[in-house]
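I am attaching a structure below and will ask some questions about it afterwards.
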């Protein structure tokens, strides 16, 4: 049982008539992701291949039973699209758009939470459970079904992880890209809980970044997990001050460097990787220990 | 185990330096309700008997570990008081004040829900579990501990119920007054679920009113309950149109008359009372059947 | 508080919702362009069917029509003023409203292409219903949905809905209804009617010209005193210390075949104020009930206040009075009342209801008078 | 986008936050009342300590002081303008700010009685922290808490916080900081400084006079092209197709004892635009790195765009270049690059990092140059 998107998901693309939206629609159709409709206000009545385009998300929910939305529209319209989706009853939302105003993100994130909606992003590369549904920009051809769950802020880094996993002869259960923006919806901790419960996942790769306090929340979950978590925090060698935000500085959260995050995760029981490419060796070490 | 307020509750009164607030404080102290503080902005530093008064709810939470608030202040300040209490971490709120603007109520109710706060009222007579904590205007001297749970929109009608129960030689586990305003926080259905799980409650008295769709929600819960529910809907003989709100008319909810509400509850398995004073007879009938 | 169309139109004007030019009859401008629509100002609907809206083709007919309308009573409401508006030519009549849905606990935006008739007569699929989250407010996507549903230009409907929402929020309305919303041949929109209900607990924020309210009704007088009164056509006036208790007492009286002349909830203020209580009892007496049943049960207030008012106004009268009282200073209050032969006191609710019926009907089976 | 104090003060003026009278040096008014404070305009803090704020006692000294300040560089930032303000007499210095807390995902209102010094030097119990729910906004009770905490009159602080919130919301700020907020002997408050950061993704709503930005830095040039660049002081320029991938590549290069001259994330636009990519590569070259490592992995875009730009700008050059590329049109892109002797391609990330280090360091153990 995949944990966020499944074969029975009913996926829509908000912004399906744009270049990106259309490309995603074509790929979803080609690789059997359960795409049921597209939404572009004012373009209702059109078709993308066999997929109907509606003016509103409500129509897509009522007529096509949509429950999952992939949003790729200009950033200043994203907030409206998300509120519309939530109000219409969509339960999983991926915001693929970059450059969404941070005040909009704050509102969307709180609104989604109050409605128990899983909101990924803004600036998320999406979510995919290979063989079931692909609501991400990760190309179906590089995805192989397997038992590794991947959760990452970064999309591009995730491709790297998948390649590594493929080379090791393994595959992925679900890949979740949370988005690179400073304020995002779903966080690592939420996904870790799902991976722990997911019978199709036996190993977790955790990709974090410097900045923010995600790892403090994640550590609480990792402590209670039985499945091994391999964690890499990008920015281990990043010079201080160059990327550190003003907000963090004033809030004086001293746990925002990679080294301190590594420490927190290590204490919680994760296997910490200094560089991403250490995963294969760490994985076989762990396997040996567990024998 | 009482279901909302307990011996370990830490109660505060927002508006403790007003006439009503002071009267409630004195009664709570006299009858051992766990009152830990009062809040009146600008009056911090005073004492009501031995009870400290603070300027902010946050102080009461930090210094006195408050978790429950009884609010009796002028209606136009109620929204601020409630938001302050929720933000400070208070988990149970009784709004005793009447005349709160309905737009304020809408906001408070949604904000409380998003924070998993139990909000009673506006215009609620409060909540009491006799012998444990009394955060209501029901006088301690008329309350006797027992196994009957009472949930009602009306406060004054609740006194009547308690008197009836006393005369029957029974007592109450918890009495919950939801408030008479058109928009209120906690609804009957929420409390029914708690009564069903509460080992100290074996019988439920349900007092509803004409108007609104509370009973449709309640019926869903009653269907799954094992404990007997005796339901009275006030307004059985009310002439139509006199009290019916415009909103209901436009929304065209045809289930808002007492007769139709009775029907809904009866079908769900409740024992329906045409007039309140029928309870003693219905109760003994039910007891006979159950033998 | 329900507003007259005239008042609602002033609010619309303030908030930028387009309306026709209009004047109260006494203030009718020389520049008014005929034909005009003469509209009776009453706080009820169905004016069109009741003949309370009349076309005025030229100036000579204004006085006659206005005077005629001012004699009308519509659904029991006397016409208080006549409002004259320039007649609007239109292609379509739409319906737009924002109402506070008490069950959903949020405002709801309603739109229909079937304007100009009672919305309750429009079938459900012809009405678009959009709930608005109170913490988020009106959103652009909602207005877009309305524009698709009504097949009108977004630009035109956008502003009107924005202004309706502004009015709804700022004035703390429970209802704003524009029915019909005229669409003219050039696409312009004009609000044909204005139905506005404001939350009585708040002060209106816009400074508009309010028509004087007729303070005649029993309901209004009770409200002025701080209580809630309902006038009915039976025999017994029922006065209680709470809305819920009131309804239950009412049910009990009726179940014993009594009939009710008035139902009054004393309210939180009156129970502490002997003067207010006396005023209220006097108002109830003016309805000439055949008897009065008091039922009050106090947890915080003293019974003495209400008992004193009863003694002062009803003590020694010929009108049968039954007082059921419970709570603080109960005994003292009973003593206060027991000296009067027309007043009977009891602690028991059911007995109280039986006694007042008995006093009116005598023993035996009650019959409808 | 960080604003200069001068710009922040203009926003404060627009939003009704009290400030001292002030002028840019070139626009200094005849009516200015001395003494003035001459304040260097730089986009960094610590101006006081750095001697970048100087008192001007009379008119004769203005030119000399201003010219002197314009020669300064503070924490690497050249002083661009001098802003002169009338000096404020004060009894107390407070601290007020609203910042967007990324961890709490909401704005936070901060207040302290210890104004005038770096807030990071103030101990935690001297700072009041009030989170603001994004869907509710600023609430009256929060302002009341600030007034108790700072022991200032509610009326005075109330308006300032309201206006700060208005500015924060309307301008989509990430930070507004008033430090110090002067309290004068009559209780009046004046913002001594103005630190404002605006979300770069939105257009400012207020129409104020912006100072020209020096577009000199590498970071700024990258940003103009649509990429994100960071300049460092090592040898290798690292250019990748994403922020996360960039940091991971950076870590890997460093773990193999390479040093980095620049880290560039191409961004969503540049990967589709060969001209932008060429511009960007030219900018990187201007930093004179000893070698360039490209790492791009595309799921949607074609590798050909970036490969073409690399070939056009770097092909046949003497600069060692390693390109790790994966994704759409991968082979074709490799063929495009393989004709140049200075460019090496690979599919493997680790190998790419090793190869670029090798090319700079030669075989054997790397040493710091």
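So that you can tell them apart, the chains are marked A, B, C and D in the order they are listed, and the count of residues begins at 1 in each.
Basically, contacts are C-beta pairs under 8 Å (C-beta built on N, C-alpha and C of every residue); 3 or more make two chains touch, one makes a residue touch a chain.
For reference, the UniProt names are A, B = Succinyl-CoA synthetase alpha subunit; C, D = Succinyl-CoA synthetase beta subunit.
Note that this is a predicted model, so its numbers are computed, not measured.
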*Between chain pairs A-C and B-C, which one is joined by a greater number of C-beta pairs in contact?*
B-C
*Compared with subunit B, which chain's mean CA position is the farthest off?*
D
*Geometric centre distance via CA averages, subunit C-subunit A, whole Å*: 53
*With chain centres defined as C-alpha means, what is the inter-centre distance between subunit A and subunit B in Å?*
43
*At what distance in angstrom does the C-alpha mean of subunit C lie from that of subunit B?*
27
*Centre to centre, by mean C-alpha position, how many angstrom separate subunit C and subunit D?*
59
*For subunit C, jot down the residues that touch at least 2 other chains.*
133, 135-136
_Of all residues in subunit B, the ones touching two or more other chains_ = 107, 110-111, 114
*Can you name the residues of subunit C that touch subunit A in the complex?*
131, 133, 136, 139-141, 144-145, 148
*asked:* For a test of understanding, state which residues of subunit D touch subunit C in their complex under the given definition.
replied: 135-136
*Over in the complex, which subunit B residues touch subunit C? Could you list them?*
20, 23, 75-76, 98-103, 106-107, 109-111, 114, 125, 137-139, 142, 152-160, 163, 180, 182-183, 207, 209-213, 232, 234-239, 242-243, 245-253, 274-277
*If you look only at subunit C, which of its residues touch subunit B in the complex?*
97, 99-103, 105-108, 110, 119-120, 124, 133-135, 169, 172, 174-175, 197, 199, 201-202, 230, 232, 240-245, 247-248, 250-252, 254-255, 268, 297, 299-300, 326-328, 349-350
*What does subunit A use to touch subunit C in their complex?*
41, 44, 55-56, 58, 80-81, 83-84, 87, 107, 111
